[in-house]
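Residue numbering begins at 1 within each chain, and the chains themselves are lettered A, B and C in the order written.
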Amino acid sequence: MAMATPAPVLRMSGIGKQFPGVRALDGVDLRLLPGEVHALMGENGAGKSTLIKVLTGVHQADEGAIELAGRSVAFGSPLEARQAGISTVYQEVNLCTNLSVAENILIGREPRRWGRIDWKRMRARARELLARLELDLDVSAPLSAYSLAIQQMVAIARALDVEARVLILDEPTSSLDADEVGQLFRVMRRLKDDGIAILFVSHFLDQVYEISDRMTILRNGRLVGEYPTRELSQVDLVAKMIGQELAALDRLHGEAAAFDRPLVEARELGRAGAIEPFTLTIHEGEVVGLAGLLGSGRTEVARLLFGADHAGGGRVAVGGAPASLRTPRAAMGHGIAFCSENRKADGLIPDLTVRENIILALQATRGWTRPVPREQQDELVERYVKALRISPPNPEHLVRDLSGGNQQKVLLARWLILEPRLLILDEPTRGIDVGAKTEIQRLVAELSGGGMAVLFISAELEEVLRLSHKVAVLRDRRLVAELPNGPELTTDVLMETIASGGRT
Amino acid sequence: MAAMRRLIWPLLILAALLLVNVAFIPGFLSVEVREGHLYGSLIDILRFGAPLILVSLGMTLVIATGGIDLSVGSVVAISGALACLQLSQDQGVFTAIVLALGLSTLLGAWNGFLVAGIGIQPIIATLILMVAGRGLAQLITDGQIITVNDPAYKLIGGGYWLTVPFGVLVVLAVLAITAFLTRRLALGLLIESVGGNAEASRLAGIRARGIIVMVYAFAALCAGVAGLMISSNVSSADGNNAGLWIELDAILAVVIGGTSLAGGRFSLGGTVLGALIIQTLTTTIYSVGVPPETTLLFKALVVAAVCLVQSPAFREKVFHRRRRPSSARPAEEKVRVTA
Amino acid sequence: MTTLSLGGGRAVPARYVPVLVTGCLFVAMFVVGGIRYEGFASGQVVLNVFIDNAFLLVVAVGMTFVILTGGIDLSVGSVVALSTMISASLMAGPGWPPYVVVPLVLLVGSGLGLLMGWLVHAFDIQPFIVTLAGMFLARGLCYTIGTESIPIEDATFTAFAQTRIDLFADLWISPSVVIAAVVVLAAAYVLHYTRLGRAVYATGGSEQSALLMGLPVGRTKVAVYTISGFCSALGGVLLSFYMLSGYGLHAVGMELDAIAAVVIGGTLLTGGTGFLFGTVLGVLVLGLIQTILSFEGTLSSWWTKIFIGLLLFAFILLQRLFSARRRP
């Protein structure tokens, strides 16, 4: 980076954005150079998505200025931003899968002759754009015929049709497998060579280091700094994102203790397209960590053990006796509980109160004919609201109004009152603040100390190491290794295991 | 208390309608006992509104699960037709009623099966029975209007018991049972949970399918009772016209009562109010002297007004300036009233 | 979790399957009818289906637009009735000439549709409820104009109604069929070759995505209800040719027939998938059921409803299996 930097194609300076009660952005600067991949980094709530929304015209900034190619601009709508050459591809592919590939690329700008859509030219143009991404698709096939990765490429092709100068990729890789990520990166490099500035948002540090040239780090709505990627170590990056030096985290569990009472034994359990058959034993009082990248099959393992999905084959024994886990209800009958990763979609009922959400699973096990008596409800709910420090501590508050961390605790409370034998926690600490995170980690340790088995899934390897007695490593929807936790097991070892697929 | 706040709009509308009646009809509010029967305009509203309230109660639970049942009108016709057919073939009243209600429940379970078992959108699944059910009703009556003359059967829709119209008693009983099942027992919580987030409910161990089938069966059972009431009141069964469009009135009553068509929270009290508003509206139109032909016109206006008032987008646009400064969160969330 | 399906195209004509099934059904019904009944297997029988259902066809075309966006229009039957009522009363009462009345009726219908579309779009109210209000409103307006049937005696109208357009070999159609055919062709053109048409499909596929792709979703929604209002009004005009009267009880339940025709024609009620040609087939199938019943003689009219219900069931089940298979 010693050579003279070219003039930035985009310069945002002093951007401020206030939402009722929240200062989402405060004096944030962002510079994008032509022909670079620029990573926008930050924890959840750092202000990344607000900044992107300001840039793409979804929100208007309260303060600050945006300059595009040297000219001051202000976008009133996403459409205006697009027309100015700023295109966005979101995490969820925002295309119409019922339409053809060609239409998805060109709809709204179809080539026309006398007002009539010229389908032939449209298909040709679509093929042309896809060729730029080294893709050869049947452009008249409906988009639904293609995989998510391809759909993402189509979204990029769409973004490129307008003379894009800035391309924003908002977590494009979260649902892609390794090969698909590779394909995406090839495309990104190609676009970079064409002089397009790419703003890349990803939670995968490795990917950021692989593809990005520079990065801008945000924390709590403020700018931390702008750094060339190769000059910032991963540890420094994490420290800047979190805002504190990573204290050497104590392991909450010392060594792998001897567990001799198997609780749940899965033998060759699997489901086509979701997870290869795996064998895993979870003992009473044991915390088993599941490590692996997003999409490696972590959630799929959890869902099979809870009966949320039907297993395609294999056997499960609970407490030594064969068990059929065909439905969540059946799994609950065996004392298995599951806090799902996606709180909003698979966990909470937003319109119900904290109390109702907490007693829901208990009520479900009793059936509708035997209501939990109100006094018992109040007593249980109060106990857990207190124990988990759910705030506000009003059981009649609607869950939708709670913060993410408190929602997570409500979900946790729902399962804890069932006093399960195996608690499956899928990313229980994602998207919640540091304080709540530590509390949940402590709680896990306590619960396992009390004899409960825990299957703990987290994207953060440190967290997995900190809590688990044993770590099962997943890669590409296969369980590749089972490692006892101990001083010699470090995040580096885990990462190597993930990278090598356990073939060491 | 929060539940009361939600009922404030329907209550106000009902009060306004009643006031209009009071202004136009002398002695509108007076209720007297004549020949051992309660008489009065208010009693009439209750009496004629009874079938609609019944159908609406069932509809409330269906809508709370995030569904809708278009077939209740056809079920009303089928139930009345079957009961009258049985009576005309000299079967006992009891047999006739049991058969009619049994068939209704079965049809409801069929709807529930299509929705929960096969996974068809509720509006479409129940459309099937809405279309075919009318034909079925006419098939039962052989296209004729079956007239019956059975004093015991007449009691259901036209009779009195302890001075009170029997239909009103039936409504009270069904309301009490529904309230008991949903609010004293845990059915209500599970229904609201399924309607609020079906997948999350499944993962919480709720047997959503069973609940959905049950709710549709219950809605059809309510419609069946309403069908008996309607046919009993006119002592005949008309497969073509009995209960025509009652599903629309019932959906309207539920919406007026503050239950969202998206599912989730429901209010039985609100639904009863909603049904009463619709019935009172009809009465009002007569009493104000507007030609009865325009009832539909007024209904259209009420639907439009109620929906607009309940639409968050409308509220935001109209009450935009007043809401903004005080609200701590986006207006969209603010308008959701705590229940 | 997202399961990735294999890349690469699937056998293309999958989306044509429902239409093909409907087409086969129509042919099968026709063949069975031809074998069973004397005089059934003639071209005129098919043409009669068109003649007797021209108005339904026009209404179903409008409904197809609405359903393709994922909406629904319950008001069509009432708007048809209102159109007959306005036509009849204006020609019978003040004696307005048809060339004033018909455009006026079309304007009223489109206006009602526009209003409903605007309510759906601007206030985000469910189409089901808005068009329910529209249904009440239009029926209410009918009864406000008059509760009795009003005969149409206007010379142009009656002449038009009795015109037979002779085709080859003793076959004939009515002018209504020509109008319906023009509407179908125009609508097919709009759906396939204009931006509005493609926006209709996109909106039905995913409203959210369509918005993010910068498509005028709001305008599209308003447009489809306006189109549906226009088609209903035109259907009403055709019905008044057919009935030569205006009556508030005309076309009761026609919204169900129109929806049924669209669904049987293979259009997904969730929106985004379907063809206008399917709707034409759907109307033909419905019409042929009635023809068969009339040939049968002994079967009563209510069997029509039962058959339509069964057909609906079969097709919805087919759609369901189809979409279940498509989702990985």
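The rule is short, and it goes like this: a contact is a pair of C-beta atoms (placed from the backbone, for glycine too) under 8 Å apart; a residue touches a chain by one contact, two chains touch by 3 or more.
Keep in mind that what you see is a predicted model, and the values were worked out from it rather than measured.
Asks: More contacting C-beta pairs: B-C or A-B?
Replies: The comparison resolves to B-C.
Asks: With centres defined as the mean of C-alpha atoms, identify the chain lying farthest from subunit B.
Replies: A
Asks: Just the number, please: Cα centre separation of subunit A and subunit B in whole Å.
Replies: 44
Asks: Taking the mean of the C-alpha atoms as each chain's centre, how many Å separate subunit B from subunit C?
Replies: That pair's centroid distance is 30 Å.
Asks: If we count contacts the way the header does, which residues on subunit C are in touch with subunit B in the complex?
Replies: 72, 119, 122-126, 128-130, 132-137, 139-141, 143-144, 147, 248, 256, 259-260, 263, 269-270, 300-310, 312-313, 316-317, 320, 324
Asks: Could you please specify the touching residues of subunit C with respect to subunit A in the complex?
Replies: 1-10, 12, 15, 192-195, 198-199, 201-202, 204-206, 208-210, 212-215, 272-273, 326, 328
Asks: Show which residues of subunit B lie in contact with subunit A when the two form their complex.
Replies: 181, 184-187, 189-190, 192-193, 196-197, 199-207, 211, 264-265, 327-330, 333, 336, 338-339
Asks: Show which residues of subunit A lie in contact with subunit C when the two form their complex.
Replies: It comes out as residues 78-79, 82, 90, 94-99, 103-104, 107-108, 110, 112, 115-117, 137-138, 140-142, 144-150, 158, 175, 177, 180, 273-274, 295, 299-300, 303.
Asks: Sort out for me which residues of subunit A touch subunit B in the complex.
Replies: Listed in rising order, the residues are 20-21, 306, 308, 328-329, 332, 338, 340, 345-352, 356, 360-361, 363-372, 396, 398, 400-401, 414.
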